[in-house]
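After this come two complexes, each holding chain A, first together with chain B and then together with chain C.
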Partner chain A sequence: MTARARLAAFLPPLLPLIFSIGLAETAVRLQWVPSYLIPAPSEVFRSLLDDRIELGAAAWETLSSALVGLLLSFLAGTLFSVALSSSDLARRAFYPYAVFFQTVPIISIAPLLVIWFGFGRPTVIASAAIVSVFPIIASTLLGLKSTEPALLDLFKLYSATGRQTLWMLRIPFALPQIFSGLRIASGLAVVGAIVGEFIGGGGLGSVVDSARTQQRIDRVFAAVLISSILGLVLVGAVNFVSALSLGHWHASERKPS
Partner chain B sequence: MNSTPQPVESASGAAIACENISRSFAGPGVVLDRISFQVKPGEFVALLGPSGSGKSSLLRLVAGLDSADGGRLAIDAAGGALARGFVFQEPTLMPWRSVLRNTTLPLELAGWTRADAQTRAREELRRVRLAEFAGAYPHELSGGMKMRASVARALTTRPNLLLLDEPFAALDEPTRHGLQMQLREIWSALRMTVLFVTHSVTEAVFLADRIIVLSHRPGRIVADERIALAPVRFTDLRTSVEYLNEVRRIGAAMPAAEEAP
Partner chain C sequence: MRIVFSLLASIFLISPASAAQAPAVKLQLALNWKAEPEFGGFYAAKLAGHFDKRGLGVDITEGGAGTPVVQMVANGKVPFGIAAGDEVVIAQARGADVVALFAVYQINPQGIMVHPERGFKSIADVFNSPGILAIQSGAPYTLFLQAKFPKARVKLVPYAGGIAQFLTDAHYSQQCFVTSEPLLAKKKSAAVESFLIADEGFNPYGTVVVARRGYVEKNQKQTRDFIDAVRAGWQEYLRAPQSANALMVKLNPAIDTETMKEAADVQKPFIVSTGTQPADLGKMTVERWTTLTNQLQEIKLIQSKPAAARLFQKY
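Let's turn to the complex of A and B:
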């Protein structure tokens, strides 16, 4: 990429950001809006600098809980999808409950998680896993059910076992869908972890909650900013693994030649 | 392209005996109606018919991908184990595997070690003149090359019965002609039994020694003809009088195109 092309790629999304930061700073300095509603961007930046050790530790705690939750939901979701895709009866029996499960708002069951798992990590991890499991199930199931019929015929022709068909055909064929589910799930896992932390304690969720009670709106904004960066980091990590494993064959990851 | 006959590497073709085979499907109804024919070991037979004549359904029955509603189908591999190779209408390659790894697939499924499977696969890739592309991925190949990879994959198990379902229909003419010559050469070298499904009279006459013609749905056998052409088929044959006469003769046996409703 030339410098010019790079500028053309990054400038359009950068301009609104620079503009809104400038506008917020001006609005607060000129007292168009009270600073207890919207902090001056410079205040947020100062808070990021001053509290960097505390914020960094909280961010790490949230990120690691989100990661463990995502890993759990990936394992459970994939196993569940493989089981459902192997039997029509199982799919008809259990899939509606997976959909129903997804419609239950996490914020309403978070108190239940505290009752079951107590305050701290286990609740946060469970919350991250519950929020992120459905996109994994939905995409993986779609991928496993859409194997090309001619390829299934090919495996049947050579008397492939169910296990061979699963590992050598159906899972590789479903990989693009599995990754797209994982991409959505990775953003949601951070959301789930922070919701879990509001109630179960720890991490950025607690930072936001305590800064709110202390009316430190600059700290709230700093924590929110970091949590969205965490989501981006997780999505970026999934994109990286996806490019590594699909780059040599799937159109979605192939570089234009 | 050079088409000197090569030495026969194996002479184990399977025999097919098909008696009163019928097959119906929920939508189209009766697709195959009491089909009976026999194929001798090592014969190259074309199943010719208009679209909807059930020729692909018949091929799937012989492949064991489907079972008949009635009748008897026996395939005898002359004492040895039956090995079927199938070439689909589409190349049906796995996009995440290289050409070599696509070709080794039937052997991997049969439990061969990777090294042995790759040695055999390279041999078959050489046979279809695709050896230099062993490491390429399907999306890097042309349509004709993909089809050659698909043929190589079907050959890796050294089939005594090779089934092909309109494999060259989607290719441009020069590529199609080249692949027809190659297939005929491969058959001359290996002498397996071949069942080749096509709706093209010229393709059937160029390739086969015998042509079974099916009618419109429900498919019935309307003709079973031997082709009186020399066993080695050169490009020049396509413009020769005897070839064109055979095309005319078989074309006359082919059911006329159905009027659109």
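Let's turn to the complex of A and C:
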């Protein structure tokens, strides 16, 4: 990539960022908005620098909990979807209950999670898994159901077993959907982990809780900024795996030549 | 131009000066929580007409979790508000010129409540024994206790409010107002022991009436009248809390009449001690403010120390 091409790639997302940061800084400096409503970006930046060790440790704790939660919801969600896709009856019986996970307001059941799982990491992981499981189930199920009929016929013609059809046809065919479900789920897992930490303790959730108590809104925003970076990291990781596994055959990941 | 300006002023500022022509001056007192005995004297002052008598039409507004009372006062949204002593110091250290005028609680009722079976004798025992302590992270009293007991064996967890977890878990201790949660737990027939954080040496004034310095200096008579009425209201409430309690039960049905009455009794020693003259209610000393300021600096909640004498005014 030439310097100019690189600039053309980075400028469009960079401009709104620079503009909004500049606007926020001006608004606070000129006291259009009080600094207890919106902190000046320079304050947030200073808080990021001053508290970098504590924020870094908290971010790592949140990221690892979110990752474990995501992994759990990926395993459970995929197994559940495979089971449902294999039988119409099972799908009709159980799918509505999967929607439950989509609609449950996690903040209202979080105190119960503490009673079930105890304080600390198990509660955080459970919270991350609960909020992130539905998009995985929905997308995986869609993917498994949309195998091309002609290919299914072909497999039948060669008298492939059910397991062979699943592993060699239906799952590979569903991969793009599975990955798009994972992408949505990975951002949600970070949110779920932080909500879990509000109640269960630890990580960025605790940092936000404590900063709110001290009315350190700059630290609240610093933590929020880091949590969105964590979301980006997870989505990026999913994209990377997606490119690795789909790159050589699926249109969605193939590089234009 | 003048018209535009005064129009803008009337929109953006709820300026008491502009209401001065009216027979009664309209004032607002912003609470930082729902109506409860902690604020009994303010409601009593209103009911008994102590504000009206002085030409003040006072509107008491309830708050909730996260109501930014100090900021509302600092920005002139309301003339008077309720805050904790430590909030006043922190506000001044960050450049907001808010002063304390009247302190209801001379002894801070913030405490730790535990199950008596554990045999704890003090907060030190709570910290140095295994178990769970639910406490608001980042709060001044939490930071103070963490600094005082650095080798704590207890596991600190977030405090989500209420006492549900306390009732179900024998190893669970939690923060409380000794005038509130222990009463609730006893109502659920749980045995409770509670310790004051003040006994460990951290004792900020509680339920403090605050105002902006600029406001106080500009409205000296009004402020004096307001505080006089508040003191009269508290004298009233300490003597006969029934009518104020009845009003507060209506405003905040979460607390029943019996609990209101009980809490009003329990909180008395935190407001007056033996030998307190009625005229001494709400008084503060420069020594107490100095101690608090030093403590807040030690736990790094403030970088610069405001002068203790500028934190409060005597009325």
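We adopt the following convention: the second predicted complex is superposed on the first by the 257 of 257 C-alpha atoms of A that agree within 3 Å, B and C clash if a C-alpha of one lies under 4 Å from a C-alpha of the other, contacts with A are read in each partner's own complex, and residues count from 1 in each chain.
In this text, a contact is a pair of C-beta atoms (placed from the backbone, for glycine too) under 8 Å apart; a residue touches a chain by one contact, two chains touch by 3 or more.
For clarity, every value in this text was computed on a predicted model and none was experimentally measured.
Asks: If you stack the two complexes on chain A, which partner ends up touching A:214: first (chain B), second (chain C), both, or neither?
Replies: After superposition on chain A, A:214 lies in contact with chain C alone.
Asks: Applying the touch criterion given at the start, work out whether A:114 contacts chain B, chain C, both or neither, answering first, second, both or neither.
Replies: Second partner only, chain C.
Asks: Of the two partner chains, chain B (first) and chain C (second), which one does A:199 touch, if any: first, second, both, or neither?
Replies: So A:199 only meets chain C here.
Asks: Have a look at where A:237 lands relative to chain B and chain C in the superposition and call it first, second, both or neither.
Replies: Neither partner.
Asks: Just chain B (first), just chain C (second), both, or neither: which does A:171 touch?
Replies: Neither: A:171 stays clear of chain B and chain C.
Asks: In the superposed arrangement, does A:34 touch chain B (first), chain C (second), both or neither?
Replies: A:34 contacts chain C only, not chain B.
Asks: Over in the complex, which chain A residues touch chain B? Could you list them?
Replies: 148, 150-151, 153-160, 164, 168-169, 172-173, 175, 246, 248-251, 254
Asks: Which residues of chain C touch chain A once you look at their complex with the stated criterion?
Replies: Interface residues on chain C, with respect to chain A: 66, 68, 71, 75, 90, 132, 136-139, 155-158, 160, 164-165, 168, 301.
Asks: Note which residues of chain A are touching chain C in the complex, please.
Replies: 34, 36, 111, 114-115, 119-120, 198-201, 206, 209-215
Asks: Provide the residue numbers of chain B that touch chain A in the complex, in ascending order.
Replies: Within the complex, chain B contacts chain A at residues 63-65, 84, 86, 88-90, 92, 94-96, 105-106, 108-110, 137-139, 157.
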